[in-house]
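In what follows, chain A forms one complex with chain B and a second complex with chain C.
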Partner chain A sequence: MSAAIGKRQKATTFQLLAPGVVWMILFLVAPIMMIVYVSFWTQTTFAINSTLTLDSWRNFFASEAYVGALWTTIRLWLIVLTLTFLIGYPAALYVGLLVKSKTVATVLLVLCVIPFWTSFLIRVLAWRPMLGKEGAINIILQKVGLIDTPIEVLLFSELSVIIGMTQIYVVFMVGPIAFMLGRIDRNIIEAARDLGAGFGRIFWKIIFPLSLPGVVVGAIFVSVMVLGEFATSGALSGRKVNLLGNIIVTQVGSLKWAMASVVGVILTILLGIVVAGFLRIVDLKREI
Partner chain B sequence: MTQSDPIFRLEGVTRRYGNLTALDGIDFGAEDNSYIALLGPSGSGKTSLLRVIAGFEAPDTGRIWFQGRDITDLPAHERGIGFVFQNFALFPHLTIFENVAFGLRNGATKVPDAEITDRVRASIDMVGLAGLEDRNPDQISGGQKQRVALARSLVMQPKLVLLDEPLGALDANLRERMQTELRTIRERLDVTFLHVTGSETEALAMGDRVAVLDAGRIVQYDTPDAIYDRPIISDVALFLNRFNLFEGTLKDGSFHGAFGAAPVSSVRANDSDVYAIRYDRTRIFDTDASDLPGPALPVRYLASEYLGSSIIFLFETADHKTVEVDHHLSLGEPRDLSVGQNYILSWDPAQAIVFGKEAAQ
Partner chain C sequence: MESKILKPILAVYVGLFILFLYGPFIVLSILSFQQGPEGGPQFPIIEWSTYWYQHLFGLTPPSRIAPLPVGEALVRSLTLAFMTMVTATVLGVMAAQAFRKRFRGAGVVFYLIVLGMMVPGVLTGLGTSLLANNVVGIERHWWSTAFLAHVVYTFPFAFLVMLAILNRFDGSVEEASWSLGVSPITTFRKVTFPLIFPGVLSAMLFAFTLSFDEFPRTLFASGRDQTLPLAIYGTFSVEIHPNIFAFGVMTTLFSFALLAVYGILMGLSVRRAKKMAMQEDIA
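Up next is the complex of A and B:
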């Protein structure tokens, strides 16, 4: 009797899982396998054939430009991740914990999301008139008299890419952290105060550890998006900053499928390591 | 210090939230080394009072004294007053040991590690949780969480511990065991417990003294038996949930109510005229009985509740007011009553407590 029920439950579980599994195999697993496969194909100037070779992989690691792009991607990712955390955490702390009224907290979170009403590209390009040689920041600084000649490094540099990415992705850090902070029982904080702990102690021993799952989720969001980025660096760096994403775009543009696949595989492995690393910090299944 | 020195004292403490006055000029002093129960219905301001004493909220006016020091403007973490939350408020990411050690590790005074270990172990032992030090709060039961919360406060060796409905989240069985245990633990340490509760039985059972809070004011502060036998105003009698209360008028030494007129020997000052007779002093008679001990209240029988040692009979008066009679089974078998039938309730008028606008004596 119970074996029959168990069998039927197993069948139901399988039926419920099937659509998702089929979908993932068709549109995630199969394409990834294909990319891995193509990365070993033989590329000639105008054609590609399925003879297996390591040439594209050798070319990638032999080229200073490609390996340089890998390091630039990692460096920019770390900088943007740090900045989104440093800017996002205090904002989340304010929205999620310090604002007492739930309504005000919701309104503030919605305000964070409002920039998403305009398209991604416009948000990126809007930094050009801000940061340019004759842009808003330079004009204001000159009018105030702080500088004589415009600061040129503001636009078409690594700095402008960092500024642009931080502004766009910081909200993905604020959201999850504010959510975790909002779930902290206020009595716990009062209990810590009652036991003699000052604000600093309470923050480092209670509030921060309890918000860590939010930090990890936010960091995963930001990492996944920044590591695969190509548009912000394309629009704000003046082609001076090449990320792995930019290389994929140009390689695909010139029909170099094998090299594009190599970069794609490297990027996927990098993302896998980063996400797995973050998931080791906290047990998300337990928290959510 | 002798028993009668106040460990803490409130002077005209008032706390308002907008138009609502939660605490209305409270003057109160609590003896050192005693168990004080603070009884009040919900909304009477009892939680506000605890929060003001603990320092989570500041009073609008008034001063708070603790161990002879004015602590009104001292922040909560510098007061050294323990607080046990109703929902326990354990730190979910720390083990039981680290929960208890939190105050010692993070307080203003540095405590050596060896001393922390000793004190935490002693405190966990005292509440009977030895062996659970490495568990997380989500791996222990409600009663055990309660003990951790208590150990976490007591390890700081406070002179005053505030308990906000500490037994409210426990089931009835556990509640009774914790009642005894809380008293035993307190007696072993030189500490005052201020235990807030909405349950009159809990307050009377636990407190060396009971303070009754009503509408932001402490209306009576006395020993449990004094509160039980001599409620100072009709509201206190109402909270105790042991009295049938009747409205009426007090005139020329007799009280006129639903039961006719009853002779009155003494009257307590009150906002309105109220006649109170305890459930277990009210007796049941047939409608044609002629040997009534006092006034006659015609009622209709509704239902009964069996409580093991006694039975509560519920009646309804002509104006749809519920009247209760508590018949203790040691007094003999109760009489058979039929639902919907009319009966007469009566009592010895000398056992009634009368509250009146004009206190005669």
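Up next is the complex of A and C:
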């Protein structure tokens, strides 16, 4: 009897899961496998055929521009990751832990999350009138008298890409950290204070370690998004900053599928290393 | 002691942080009221006007600035977002429902689903178009290949939202229904579904908005007919005019309207749940 129920349950579980799992295998796993496979195909000027070769891989590592894009991607990722953490953590600390009123905390959190629901491209575009030579920042700085001539490196440079990405992705750092900070039992902090610990000590010994899973989740979100970027870098640098994503877009644009796939595989490996590295810091399964 | 100094400092900091988040958009909204058609996409405002909004809706006399090609793109994006929303939510509810029972390989399936939101769009997009273009040999369209990629992206969000809701769900009400001889499907419809409805609503909101704004996957996986984000992206490469700012304000208002509808529906369903709970108390 119970074996029959168990069997029926198994069948139900299988029926419920099958559509989703099949969808993911066909339209997520297969396409990624495809990228690996096509990276070894032979590229002719306008076509591609499935004769296996290492040519595209050789071309990638022989080209200064491509390898340069790899380093630019890693450099920009490290800078944006650091900035989102440094800028986001204090905000999360205030919203998640220091605000006493529940209503204020909720309002602030909602304010931080709302940009997530608005168009990504519009957020990128919104930096153009801010950073330009006649942009808002230059005008304000000139009015205040801090500068005489407009700062030109603000737009269409690596700096503008960094500013834009930091602003766009910082909310993905704030959210998880604020969430973890909100879960800290306030009694622990009270107890430490009663025992005479100063804020610095409480922060480093209690608050920061307990918020670390949030930092890791935020860092994974930011890393995945920044490493796969091409729109912000293209639109705010005037195509001067080329990330791996930009190379993929231009290669596909000129039907160089094999080279695009090589870059895709390199990006996948890079992502794998980064995410695995973060997961070693904290065992997320245990934390959630 | 230190936190007495720290707190006000951080309060000011959070104010600045929010300004950092919203500043660019505020500037963009101000500039969308630039005079037209001569006014450019920068300060100073020559004269306040709604010219660029009229331009957006094709209400201005023709000028050297071409209207944004948003009309058909909007219809496509809405259709695609709706298709994605329905599919992703159904898949998400089903998968999360399965996860309420322990089963072998749960870990693998979990990561397989979550992978969909973690893999960058540029990779899923590239892979999908490779598969369509070079293996299956079909043409790419926003309603076919791009739709598949959109579901890959939004299904994990729907799944995680539903998982969070079902984790807190009390299964004894379902068991009560089954033991009264109600079939599992009717039980799901009459008992389970109303209880998990707030979660379903959140899953739908995620799937719809994420699909509506989706850009990298669509860039690769859709064919020549543009969706709204692709139409916006197209304007990036040419000289920008305040009409794109007006458009940005409109889409953001649309996002806010969606959030408001979500908030109202959510409030209603919570109130209904409360009312039902009170009736039970009286009985």
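Assume the second predicted complex is superposed on the first by the 265 of 288 C-alpha atoms of A that agree within 3 Å, B and C clash if a C-alpha of one lies under 4 Å from a C-alpha of the other, contacts with A are read in each partner's own complex, and residues count from 1 in each chain.
Keep in mind that, in the parts below, a residue touches a chain if its C-beta (ideal position, glycine included) is under 8 Å from a C-beta of that chain, and two chains touch if they have at least 3 such contacts.
The structure presented is a predicted model; accordingly, all values stated were derived computationally and were not measured.
Chain B and chain C, once both complexes are superposed via chain A, fit side by side.
Contacts of A:L28 after superposition on the shared chain: chain C is touched, whereas chain B is not. In the superposed model, A:G198 lies in contact with both chain B and chain C.
In the superposed pair of complexes, A:G145 makes contact with neither chain B nor chain C. In the superposed model, A:D185 makes contact with chain B only, not with chain C.
When the two complexes are overlaid on their common chain A, residue A:L210 makes contact with chain B while staying clear of chain C. Taking chain A as the reference, the larger set of touched residues comes from C, when chain B and chain C are compared. Taking every C-alpha of chain B against every C-alpha of chain C after the fit on chain A, the minimum distance is 7 Å.
Taken together, the two structures place residues 198 of chain A in contact with chain B in one case and with chain C in the other. Chain A makes touch with chain C in their complex at residues 9-10, 12-13, 16-17, 19-21, 23-25, 27-35, 38, 48, 87, 90-91, 93-95, 98, 108, 111-112, 114-115, 117-123, 125-130, 132, 134-136, 139, 167, 170-171, 198-200, 220, 224-225, 227-231, 234-235, 245, 248-249, 252, 257, 260-261, 264, 267-268, 271, 275. The residues of chain B lying in touch with chain A in their complex are 54-56, 75-83, 85, 87, 89-93, 102-103, 106-108, 149, 152-153, 156. Of all residues in chain C, only 1-3, 6-7, 10-11, 13-14, 17-18, 20-25, 27-28, 31, 41-43, 91-92, 94-95, 97-98, 101, 103, 109, 112-113, 115-116, 118-124, 126-131, 133-135, 148-149, 151-152, 155, 159, 209, 213, 215-216, 219-220, 229, 232-233, 236, 240, 244-245, 247-248, 251-252, 255, 258-259 touch chain A in the complex they form.
Only residues 185, 187-188, 190-198, 201-202, 205-206, 209-210 of chain A touch chain B when the two sit together in their complex.
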